[in-house]
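All chains are identified by letter, namely A, B, C and D, in their written order; residue positions are counted from 1 within each chain.
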Amino acid sequence: MNKTVKNADEALAGLEDGMTLALGGFGLCGIPENSIAALVKKGKKNLTCISNNAGVDDFGLGLLLQKKLIKKMISSYVGENAEFERQMLSGELEVDLIPQGTLATRLMAGGYGMPAIFTPAGVGTEVAEGKEVRRFKFNGEEKDYLMEYAFEPDFSIVKAWKGDTMGNLIFRMTARNFSPLVAMAGKITIAEVEELVQPGELNPQEIHLPGIYVTRIFQGEKYEKRIEQRTVRKR
Amino acid sequence: MNKTVKNADEALAGLEDGMTLALGGFGLCGIPENSIAALVKKGKKNLTCISNNAGVDDFGLGLLLQKKLIKKMISSYVGENAEFERQMLSGELEVDLIPQGTLATRLMAGGYGMPAIFTPAGVGTEVAEGKEVRRFKFNGEEKDYLMEYAFEPDFSIVKAWKGDTMGNLIFRMTARNFSPLVAMAGKITIAEVEELVQPGELNPQEIHLPGIYVTRIFQGEKYEKRIEQRTVRKR
Amino acid sequence: MLDKNGIAKRIAKEIKDGYYVNLGIGIPTLCANYIPQGVNVVLQSENGILGMGPFPFEGDEDADLINAGKQTVTLLPGAAIFDSALSFGMIRAQKVNLTILGAMEVSENGDIANWKIPGKMVKGMGGAMDLVASAKNIIVAMQHVNKAGESKLLPSCTLPITGLRCVKKIVTELGVLDVLPEGGFKLLERAPGISVEHIQNATAGKLIVDGEIPEMILD
Amino acid sequence: MLDKNGIAKRIAKEIKDGYYVNLGIGIPTLCANYIPQGVNVVLQSENGILGMGPFPFEGDEDADLINAGKQTVTLLPGAAIFDSALSFGMIRAQKVNLTILGAMEVSENGDIANWKIPGKMVKGMGGAMDLVASAKNIIVAMQHVNKAGESKLLPSCTLPITGLRCVKKIVTELGVLDVLPEGGFKLLERAPGISVEHIQNATAGKLIVDGEIPEMILD
C-alpha cells in the first residue's frame, strides 16, 4: 500500500478549475509550502479554498491570490494581506468568514462521516443567518445551537512533520492545528512531509492521522517555515 | 496544577448511589482495574454504567454485577458473563444495547461540547425507535441518520499507560479504545495509570488526552491485565 | 459444497489491491489467510487498529493488543492505533473499502439481520450496525440454510434488522450471489458440484438465474 | 486611571488557582505577567496548546510553535499539543475556566461586539465567537470609551454582535463592573483617583451604584 508520489505536481493530478480545496495550517505555521508552489505553477482557477487564514502577500495562500486563482475563501481570520483586502473590497473575491471552532469541527465532521454538527458559536450573530437553530440541554444549561454542515473538499492538502509511505502522519508542535482535520475531510488527500519514512519506522501509538485518510504522499523539496510574529525575550 | 490523589478510594470521593459512570476499556483490555476494585469495596448502588462491555463473571464490571451494584448497563456487546445474563433475564438489570460507534461518538460528543450527533447506525432497526431521523446528503449519497445525544456521566473512569500529575494521558496499544472518549465526557474524570510521572516527562506531541479533561489521577497498585481470548501461532 | 475455509477463500478473491478491509468474527476472519499474493491490503479492527497482523507467536501475547473479537493479535509495519471514535469515524466516512461479515438472514433487497434472536439471550450488536449502515461494499459470509434446513436468503428478514438495503454480495457454501439494487438474489457462481436447482431450493427469496451459471474457480 | 498593564494586573486577580485560562490578543495577553505567586494556572491557546509559556529567548524561536496570535511562544512542563477541533471541543465543553478578551462594545445584558465594523475591512472573528458562545466565565478587558470619547458600555450594541448575554465582568481603565443577569453594569471598584461620577458619565448603559464603591487595590 504505497501512496508515494514523486512531487507536488504529481500529487495534484486531477485538480480542475472550480474545485474546492481545504488546506492545513494556522497563519503560516504548518502550511503545505511545496503544494502551494505547485498550485501556483499549475494555475487552476476559480478555486474555493477552505483554510483558517489566507496567508500573507508573498507567502502561503497569498501566492494564489496574487495569481487570482481563488474565487472564494472560507476562513475564520484573514487580513495581514493587502492583495486579499483589495480583491475582497473590489468584489473579485468572495469571502465567507466563519468561527474558527466551526471551521475545525466542520472539517472533522467530514472525516468522521457526520453530515452535520451543532455548535453554539455564532448564535444570535450574522453567522446564524439562514441556519437552523436548535435548543439543547447540555452541561446543565439550556441553550441554542446552530446546525453546521460537514465540509467535503475535492482536495485536502496538508503538511506533516513525518509520514510513512502508507500515509500515516505525525505533526510537529502547533503545526498540527487544522491539518489532521483538513486531511480527514478530503475526497482526495495530499500530504507533503518534511521526512518520508518506511512503514514500521513510526510508532503506531504516536500517529496523529492514520494513513487511511491520505491518498498521496511526498517529501517536500524544502521548507522555508516563515515566522509571522517573531516574539522573543531577552536572555 | 497537581491532580494526584493517593488511591482509587480517594479518587472516588463524591460518588453516590444512583449516579452514572462511564468506564474505559474494550472487553478486559484497558479497564480501570483498581478503580473497579474500589467501587466494589465502596458498594454504592443503583449505578448506571456506560461501558462497551460488561466484563466477565469474575473480572471487570462482572465484579460490580456480582455485588448487584449496577442498575443499568449501556453497552454495545455483553455476554461472556453468566451473572449478567441471569440478572438481565430476571429483569433485575436494565440493559440498553447501542451500536459501538454510537457509544463512542456520544462519549466524544460530551467531551467536544456537542449536545447531539448524527449517525446512520441503527436506522430502520429497533435502535431507531423514538429517535429523530433526518435525511442528509453526504459523500454523494442521500441517506437517513439518527440524532443521538451526548453522554454526560457523573464520573468517568479510565486506565492509561502513563500519565503526569497534571492529568495528561498516554494509552498503550489497543488499550486506548474508548478510554480517551470516556475520559473527556465525565463531569468528574478519574484516571488510573500504570506509571505516574512529573510534568515535563511526557512529550507534549504524544499526549492522547490533555490533562484538562482529568480531575483526579493516581498510579494503580497493580495490574492483572487479564487476556480474554488468548490466540497464538505456533513458532 | 464449500466448507468455511472454502467460503473464506472465495471471498478473498473479492479483496482488491489497496483495499482497507474490516473482517467480522468467524468465517470473515479466515479470509485474511487467503488474500492473494501481490494484493496489498490493510486490515481494520474497529477497536482501533489499521494494519492488524496475524496472531502472535506463543509467549508474545500482549494483553494491550487485541482485535475487535478480543483475540490477541499483532501489528504489521505501518500500523496505526487510534480510539474508537476515530475508528467508527473512518467507517462512517466510508474510508474502509470492504466489510465482510456474517449474517443470520439476508433479504432480497439487501437487509441484514445478524444481532438478535428474540426470546434468546441478546449479546448486542457491537460494531455491526455501524458497519452495515456505513460501508459501501458489504459481503456477507454465511451458510445458505440454517441448522433447521431453512433458507437464510429470504424475501424479507424475520429477525430484527441490523441494517437496511446494505448487503451487496453473499458467499455461501453453495454459491456466490449479488443482491440487486432493484431486489433479488442474482446467482453468479455455483460451488463445485452444486446444481442451480439445489441453490434454487435453498433460496426462499427471489433467485435470479440468468443464462449459464459457472462453477466457481477457487485457485 | 489605569494603563493597559494596570487593567491586566487587576484582571489577573480574578485568575484562581487551578484555572485553565484562554487569553485573547492585546491586554488579555498581558495578564499572564501578573498572575499572583502560588496561583497555578494553565494557559490555553486555541490553535492547540495547553501549558503555553512565555516568549522564547532570542534565537530559540520555533516556527512550528506559535500561539493563536501567531506569536512565537514556548511550552511549560506538562504542556499538551492537540488539533484545532479538540481545542474548540474543550472550549465548547466548558473545560476552560476563564476567558479574557477585548471588546469594541458590551451591552448591559452582556452582549459583546468585537469582530466587525461595517464599512471597514473585516478580518474575521477567529476563535472569538466560539469562545464567547461557550465560556462560562468571560471577563472583558477594554477601554471604557472609544477614541471619539463615546462609551463602549451601552444599553445595546450598535456593532455586529459576537455573542449574546455572555460577558460576566468588565475591567476598564476606570473601574471594575459586573454585568448582572437581569441587566445592568454593577460598579464594583473604581480605578485609583477615579470618581463614581466620572464612571457614570463614561457609561451609556444602565450603571448600578450600590452604596460606597471602593477604590481598587492592585498590589
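Assorted remarks:
Following the convention adopted for this analysis, contacts are C-beta pairs under 8 Å (C-beta built on N, C-alpha and C of every residue); 3 or more make two chains touch, one makes a residue touch a chain.
Treat the numbers as computed from the prediction; the structure is a model and nothing was measured.
In terms of the distance between Cα centroids, subunit A is separated most widely from C. In terms of C-beta pairs in contact, B-C outnumbers the other of B-D and B-C. Centre-to-centre separation of subunit B and subunit D, using mean CA positions: 36 Å. One finds 32 Å separating the Cα centroids of subunit A and subunit B.
Averaged C-alpha coordinates put the centre of subunit C at 56 Å from the centre of subunit D.
One finds 28 Å separating the Cα centroids of subunit B and subunit C. Each of the following residues of subunit D touches two or more other chains: 81-82, 85, 89, 91-94, 134.
The set of subunit B residues that touch two or more partner chains comprises 105, 112-114, 119, 139, 172-173, 176, 204-205.
Chain contact topology: the protein chains form a pattern that is neither a line, a ring, a star nor a complete graph.
Working note: touching chain pairs come out as A-B, A-C, A-D, B-C, B-D. Listing the residues of subunit B that touch subunit D in their complex gives 1-2, 110-114, 164-166, 168, 184, 198-200, 204-205, 207, 210-213. On the subunit B side of its complex with subunit A, the touching residues are 105, 112-119, 136-139, 145, 150, 152, 170-173, 176, 204-206.
By the touch criterion given at the top, residues 26-30, 52, 75-79, 85, 88-89, 95, 97-105, 107-108, 119-127, 139, 161, 172-181, 208, 225-235 of subunit A touch subunit D in their complex.
Residues 45-49, 54-73, 81-85, 87-89, 91-94, 111, 121-130, 133-134, 160-164 of subunit D are the ones that touch subunit A when the two sit in their complex.
Of all the residues in subunit C, the ones that touch subunit A in their complex are 18, 20, 40-42, 44, 50-51, 75-82, 85-86, 89-96, 134.
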